[in-house]
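The following pair of complexes shares a single chain, chain A, combined with chain B in the former and chain C in the latter.
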Partner chain A sequence: MAPIIEAENVVKHFPVKKSMFGKEAWLKAVGGVSLQVAENRVLGIVGESGSGKSTLARVLLALSRPTAGDVKFEGRSIFGFDRQQMKAFRRAVQIIFQDPFASLNPRITVFDTVSEPLRIHGLAGRGELRPKVAGILKSVGLGEEVLDRYPHEFSGGQRQRICIARALAVSPRLIIADEPLSALDVSIQAQILNILSSLKENSGISFIFISHDLRVVEYLSDEVAVMYLGKVVEQSGAPSLFEEPLHPYTAGLFASAPSLKPGKSRREVPKGDVPSPIDVPPGCPFHPRCPKRFSPCDKVVPRLGQPSGKTGRLVACHLWNPY
Partner chain B sequence: MSLKKIIWKRFSRNTLAVGGAVVIACIIATALLAPYIAPYGPTHIDIDNVLSSPSARHPLGTDELGRDVLSRMIYGSRVSLEVGFIAMGIAVSIGVIIGSAAGFYGGRVDSILMRFVDVMLAFPSFVLILAVIAILEPSIVTIMAVIGVTGWMDVARLVRAEFLSLKERDFVLAAKSSGAGNLRLIFKEILPNALSPVFIAATFGVAGAILIESSLSFLGIGVQPPDPSWGNILSSGKDYIETAWWLSVFPGMAILVTVLSYNLVGEGLRDALDPRLWQAESFEKIEKPGQAAAKILTE
Partner chain C sequence: MPLLEAGGLSISFKGRGGPVKVVNNLSFTIGEGSFFGLAGESGSGKSLTALSLLGILPAGASAGGSIRFRGRELIGLSQEEMRSIRGREISMVFQEPMTSLNPVLKIGYQIREALQAHLRISRKEADSRVIELLSSVRIPAPEHRVNDYPHQLSGGMRQRVMIAMAIACGPSLLVADEPTTALDVTIQAQILELINTLKEERNMSVLLITHDLGTIAEHAEQVGVMYAGRLVEVSPVKEIFEGPKHPYTIGLLESIPLKGRRGTPLKPIPGSVPPPWDLPAGCKFSTRCPYVIPGCERQEPELRQVAPGHFARCIRAEEMAWRL
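The block that comes next holds the complex of A and B.
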């Protein structure tokens, strides 16, 4: 199946000045990521904060240009698009942000917010705009009475529904959801999760679902990419990844997720903090925290490859791939 | 609760700002109704009462030509308001255009425009105004234009700063990824959210423009006699300050009160327009736990 969107070795570095006279340093937010999302699939991206998930999302949306690498939409580079192609891309790919308080324009009504994409793409005449918007809002569980209200009148969960409605308005093919739940209360998270999972089942829209919450990713995703310091360290179909994590970092993430099963043997939790993406450790970026490191780990960068006997799985670890 | 109601509610709680707004409203009414409320015409000369002190006949006294000071001040308020609003309108328009362009496009556009702002700021603007007026004919139109053209830099900087932070905000990025073009992003998404500081700056700017006009008229290069303006009444009063205090005190007070009122209103708007404080307002209508309990008990 042809992928809708495809990241090819995307690199995104931000310049940071260390001191006035010091040489320029680079914050290596994304260090060469390749991913693809096919029709009607959900790709989960997991990782701690600072792993480059959101930066990657912005590059995928053509909101920022990558330092190197390319993003292809239906086989063509999105950074070479002309006006018309860009417009088509903007219609096909939508985003839901993490903070529903920051992602709605406080000065315009819900109706204006949700109808804006429809007006930009000329998808509805003046007369049909209102009923159409009301219909979209209904699909995310909001009634017609919200149309003329302003964002500040809503709670976080309601706002996130409005954001989902805005993303759905143009019937996109792919929605990138950047931590859509993490700013919400747990009970509200469940409601939003239900909306997203019913969209996944019924709409045929593909998703890139970015989260640090493993349970949520497991629940929604068909495929999962685990990111660490701007690199994908493991990628595989969701069931096999959750059954048997191969990379020590993935295993560590699982171990640190709270479990309800008592007496389960504790796996080792990654110690310490994520190193600064300005000074990425040499060799495997995870080696300073890895419980299983051995001789080559601090010298040789492991490549993302398929370990023998594990079809459909990719892992960047010397334990699995001989260097 | 609608946004307007919240802003109004927050503004109306500020007594000083409301006082300032009332004073400004009175001055505007005075300016509009000048021919109906002024006891004499602005150039009417009462030859028998030259430099007479405040009396029933001339409540604020008369000047060295026997003209009624109250009447001249009432007509003079028109000049202050006209200059204040139109000069600020010019300054805000230029400032918003330059600031938006610099903040939105960034990069080279930003550098060039902001260096231009620096150059403009480096000019002692009052001297620039003096020079321009010395070359051009001093008239109210020239004054307004010159004050406007030399007063937009603060607005430009404010707007640029707002644009820089707003253009990276999620709601702008969301609109961008919905396919919104640059003009839509600037005028629909960013500018409406950047306007409250501009509005506040404009209020202070009106006060500043009134002061500059008064100063120019005081120096004799503003509004030319016999047309009255607070500044030139004050100016002619300075020669008689020891014998006819009313000639300087009343127009001086008028300038002070007007400028103070605009500044108070500006402060009030600054608080009322802060969107971070709206959230709290809209939840105030939720009943406090105690009230809810009391309601249940009484039913």
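The block that comes next holds the complex of A and C.
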């Protein structure tokens, strides 16, 4: 199936002042990422803080231009869009952010918040606006009584639902959700997760779901991309990834997430610190922390490829792909 | 005698219409060398409880009831008396290390200050203690690191420095309030491992506040769950994960998308926590509880023992048969 959105070798570098003498250096936030999302699929993106997930999302949304590489929406480069095409793209691709407190304007009502994109895109006449907004709010579990209230009157979970409703208003094809649960209580996260998963079932929308919570990613995603220092180190269908992580970083990430079994479990947590994206280690970016590294790892950059006998899986690790 | 014993601990803020009680009648004990994990809804009073143990409540807040540390009552102590306990006997690690470290001072200097605040030791001795402390929190090449400023360290290293400062004077209780929330996933696991190792090596007690029940299951020996300023369940770790007795705890556990729950709808707790000035009469969870019966709304249930060492604030606790 043709992908809805496709990143082709996206690179994003930021200039930073490295030393006191003003010598310039580059922070390599995204170092050549390729991925696709197909119709009605959920791609989960996981990785350490600073691994480039949000930066990649901003490029996919055309909020930021890549240093190199391209993003295609329905087969066409989004950076070559004219005004009209960009407007259609802005409608088709919506974003939900981590912080539902910061992403709602405190001075406008829920009705105005959710109806604004409808008005901008001319998707509803005056008379239909109110019933339409009420219908969208209902799909995220909010009743009509919220229409004329202001964001501060709501809890975090309710505000995140309002954000989801706003994203849904324009019937998007793709929603990019960047850590949409991490500001919420566990008990509220489950409410939002249920809404997202029923949208996936019933609306035909595709999702890119960014999260550092592996349980949540496993629950919701069809495909998962694991990022480390700006690169995708492993990508695979969710069930097989969680069944058998191939990349040592993925394995380490899984080992770092405690289970709910009381008592100690012996787990191999990756040692050492995450290096700075200004000084990405040569060879495999994970090699300084990798318990399995061997001779080529600090010299040769592993390519992201399919290991033999592992259909549908991609790994960037010398253990799996001959170099 | 337990190391720390809170009895009927309450914390109130001055509100426009009189005091607002945000922590209500908390009773728990932390044994010598034990690990107590405290979980609960955001705003349920976990941080304020932690701050009250160190006598550093924010302006406008006051604590009532009792906090006994090695038998000595802490509530009502003067600022000066409290200072001699804070950092020496009880110390604390916060969520965001950057806000508690001084950005313009070298980390070696800051740790030395923490030592010399309580211990009469020479500069030279303090310097060698600083190196020891940094290596005990697993900072590589500590003799070089002492000259670093906080911004030169990664988030994980800064948190290690905070822990080094907190354990500098050999406290018997370390309070850690969400110490890993701001850190990378794999670094979180390292820091918790470290806290646990230090606890074992030093026979120190730990009070860990976190909303990650997985972390609690792994490290804690004793668990407390808070809701709306109350402890609703307290129990040894095994019992609470294997047979939770309070509907709120059950709701928390049911909210987690576990392996095998993929594709099946989760069972979230309906609604959200009411604010402290708008709590229901009777059981504070009754407005959201799937097990509610008329008796629940009549009066607030006691935190009572429902199995050996296992306490729950629910009139139907004995009926709870939910399993993970």
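Note that in this section the second predicted complex is superposed on the first by the 313 of 323 C-alpha atoms of A that agree within 3 Å, B and C clash if a C-alpha of one lies under 4 Å from a C-alpha of the other, contacts with A are read in each partner's own complex, and residues count from 1 in each chain.
To be clear about the criterion, a residue touches a chain if its C-beta (ideal position, glycine included) is under 8 Å from a C-beta of that chain, and two chains touch if they have at least 3 such contacts.
Predicted model only: the values in this text are computed from it and were never measured.
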Partner chain in contact with A:S77 - chain B first, chain C second, else both or neither: neither
Partner chain in contact with A:Y219 - chain B first, chain C second, else both or neither: second
Of chain B and chain C, the chain that contacts the larger number of chain A residues: C
Partner chain(s) touched by A:N9 [first = chain B, second = chain C, both, neither]: neither
First (chain B), second (chain C), both or neither touched by A:T311: neither
Partner chain in contact with A:I188 - chain B first, chain C second, else both or neither: second
First, second, both or neither for A:S256, with chain B first and chain C second: second
Which of chain B and chain C A:H152 touches, first, second, both or neither: first
Chain B partner contacts - residues on chain A that touch it in the complex: 58, 61-63, 86-87, 90-91, 93-95, 97-99, 102-108, 116-117, 120-121, 150, 152-153, 163, 166, 169-170
Chain C to chain A touching residues, read off their complex: 41-42, 154-157, 183-190, 193, 211-215, 217-219, 237-238, 241-242, 251-259, 261-263, 265-269, 272-273, 324
Residues of chain B defined as touching chain A within the complex: 1-3, 169-181, 184, 188-189, 192-193, 275, 278-279, 282
Complex contact set, residues of chain A against chain C: 48-50, 155-158, 185-191, 193-194, 197-198, 212, 215-216, 218-220, 239, 242, 252-253, 255-265, 267, 269-271, 273-274, 276
